[in-house]
Amino acid sequence: MSLVEVKDLVYIYGQNTPFRKTALDHVFLTLEEGGIKAIIGHTGSGKSTLIQHLNALLSPTSGTVYFEGQNVNESKEIAYQIRFRVGLCFQYPEYQLFESTVYQDIAFGPKNMGLDEKQIDSAVRKAASYVGITPDLFEQSPFDLSGGQKRRIAMAGVMAMEPDLLILDEPTAGLDPRGRKQILSFIRDYKERSGKTVLLVSHSMDDVAETADEVIVVNEGKIAMQGSVREVFSRSEELTGMGLTVPESTRIIERLRAEGYSLPTGIFTVEQAATAIRDFLKGATAN
Amino acid sequence: MNNEIMIQIQNASYAYDGDDEGVKSEPVLRNLSLDIYRGEFLAILGHNGSGKSTLTRLCNAMAQPDSGKVFVDGMDTANEALEYAIREKVGVVMQNPDNQIVATIVEEDVAFGPENLGVEPSEIRRRVDDALRRVGMYEYRGHEPHKLSGGQKQRVAIAGILAMQTECIILDEPTAMLDPQGRQEVLKTIHELNRDMGITVVLITHFMDEAVQADRVAVMDEGKILLLGTPREVFAHREVLFDSGLDIPQSAKLADRLAQFGICLPGSILTPEDFLASFCAYREGKK
Amino acid sequence: MIKDITLGQYFPGNSPIHRLDPRSKLVLVFALLIIIFLCQNFFSLLLVSAFSLFCVLLSRIPLKTMLKGLKTIVFVILLTSILQIFYNHDGKLLWQWKSIQITTGGISMAIFITVRIICLIFISSLLTYTTSPTLLTDGIERLLKPLKKIHIEPHTLAMMMTIALRFIPTLIEEVDHIISAQKARGADLESGNLIKRAKALIPILIPLFVNSFRRAYDLAYAMECRCYRGGDGRTRMRVMKLSAVDYLAYVICALLLAGVIVLNIFFEAVI
């Protein structure tokens, strides 16, 4: 059984208003368990709408979303429970902090799940450790901390529900290079240590190239591509056509290929590009 | 670029008021000196909390240094009588596009600055139309700001500054909250203003690829200028950049990685174009 | 999408009504509302309703939109009509059941009042339909200028209105976002008693307040950067000048008032 199965999903905003807009147009999508997956698409492509269907925050105009075989919109109760199994961390989550202490804020989700004190405590500690929040910060007000710390606390708040699928919407938006690297490494860590599936929503192709195994491209309310990072980034021309960029390494290799150098496609990190160029030069001197 | 100084910062130090009365917290600027030349495009790089935003406040007389001096076009920012004359010369665009648009209609917002300056109505009209054309938002003059995209909102904010006929624009991470398309729009716009109108641009950013396109780059850390020079000069100091939580462009990283493989491409490489040219030259040399 | 909310109910256009100076519009709408109340018989009411309809047609706002605007007060219209029908016992008796009587007087009063309410709604909604909130605020600011003498600052009021109008959509969007985010963490906003529900609002309200303060701080900074220093010495891009259309409108209104008075004198009052 697949982790997530989206069948013929249609979602129309403002159904009976003059602003009626089809955000999702007959979407079919299957996500298997495990690994880090990424959804990419430009603003307004429908990617945000799609993820809000996976945890039943939005209910489809038509079509069905299954999580481990369960229709997430079958009943109100199921739709409510599914939010603990599909954790969704929104963009700029630091603006949703509200509790008086860091600990309380992380504990909000587990409390809503109805866990007892002991379970809550262990969930909070575990989640905080995933994002490098040390216990000495627990009693501080989240509003007194730095932007990067706030973001990590907000992420921990979702991780603390121990969801089977963790969805992170633009987790690195607005961060400086150091903060970005840190968050990405925490995400990779989280996947390793928890063994849960992670779904990243991003328009930073570099983030995707560095962390994801599988990429889903959303365009005009439809799934335009789905495949390994290598497969998707080897179609850089199509991606550019959809208003997306590709990593700089990919662009360099594409430019060299256009100049007539026979380099492989599907390169998306500096390391791969360097290796490919080295191998190419070796081959060239051998001839 | 000429050698006439637009903004001169002389040994400026600044600390915010601490939590306790009369006690200052850690200084955010330490004995910082910087000359910004008329007509140049200066990028200021630094991680979050390196003092970049405080520097902005000193440059438009929103704050005075605790010690040291700041002159804008020869005017001392400590002279309260010159406060508005200085703000008329130095405009500021902030990170969050939503929080700096005052009016409910695009053209009304652009008119806000000149209206405050008491400019004649017919002249305001002329300036507003001109400013909106410059940023490519003239067709949107009657729109409501909240319906625009992030990139469009930032361009409206820039037009609002242009309409004051400022000579210098400081942009404080204007693209941090934008998607790649919005980023491109804003960057294109500010480069055009710099090139076509000779407006001095100070771009505060933590995107390395934005800094690469500047005339000069200043790197800030802990309230000091660590590096200052052309992009090529600055990005040659890899260690300093990494130590202060910054990065180098991917093209440069790729060249570095190849160098570790013993493949030394000639010249300094910052962009894919550099890489391509250098790679071709390298191949020519090998033949 | 929530982003598409339109401020007020403004329908952009270029009709003579749209082109009226907002100050004129405010004054004229006020005058028209009084004229509508002055009508005492069907003849003057007919004149006024014909005029209202003429204004609607002139504004090129679709009649359907205007009628939709009545939807919210259909209940009020129905209630007053029914009360009139059952409690007004003037005129000829048409139908009787026990103590309930329906008379011609009752029916004509019901019609009279219904038509009058519709005219009131049409005229006042024309103001918001044909004037952008910005212009409206501007018009109010300039009309209230004399208040400065008694130390009420119309500019400050207008600025507050403008900022409120500007940020309402932004804040609605933000509330929507925060609600989704807290729901994703299992916040339950829909069940439980009043106290539980009030408590469930805390995770929404605190971030909203914190973020609003941050926005306010940013905005104040942005305004100061753009040399804002209150209303003194401030000019406006839009010059408000009364044009021929405005004078014509005043004349028409005066004629209408005269017409209503004459009809009121010559025909018997029903109200």
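Per-chain numbering from 1; labels A, B and C assigned in written order.
Here is the rule we go by: contacts are C-beta pairs under 8 Å (C-beta built on N, C-alpha and C of every residue); 3 or more make two chains touch, one makes a residue touch a chain.
From a predicted model like this one, the values you see are computed outputs, not experimental measurements.
Summarising the inter-chain layout, the chain whose CA centre lies farthest from the centre of chain B is C. In this structure, the chain pairs A-C and A-B differ in their number of contacting C-beta pairs, and the larger number is found at A-B. One finds 45 Å separating the Cα centroids of chain A and chain C. For the pair chain A and chain B, the distance between mean C-alpha positions equals 30 Å. Across the assembly, chain B contributes no residue in contact with two or more other chains. Along chain C, residues 4 each make contact with two or more other chains.
Annotation for chain A: no residues touch 2 or more other chains. Note for the complex: chain A touches chain C at residues 13-14, 17, 19, 21, 23, 52, 55, 57, 80, 83-84, 87-90, 93, 95-98, 108-109, 112-113, 143, 157-158, 161. Interface of chain B with chain C (complex): residues 60, 62, 84, 87-88, 91-92, 94, 96, 98-105, 107-108, 111-122, 124-125, 128, 142, 144-147, 160-161, 164. Chain A makes touch with chain B in their complex at residues 42-43, 146-148, 173-179, 203, 206, 243-245, 247-249, 251-252, 255-256, 259, 270-271, 273-274, 277-278, 281, 285. Interface residues of chain B, counted against chain A in their complex, comprise 46-49, 95, 149-150, 173, 176-177, 179-182, 206, 208-209, 245-247, 249-251, 253-254, 257-258, 261, 263, 272, 275-276, 279-280, 286. Those residues of chain C that touch chain B in the shared complex are 3-4, 6-7, 12, 132-134, 162-163, 165-166, 169-170, 173, 214-215, 218-219, 221-229, 233-239.
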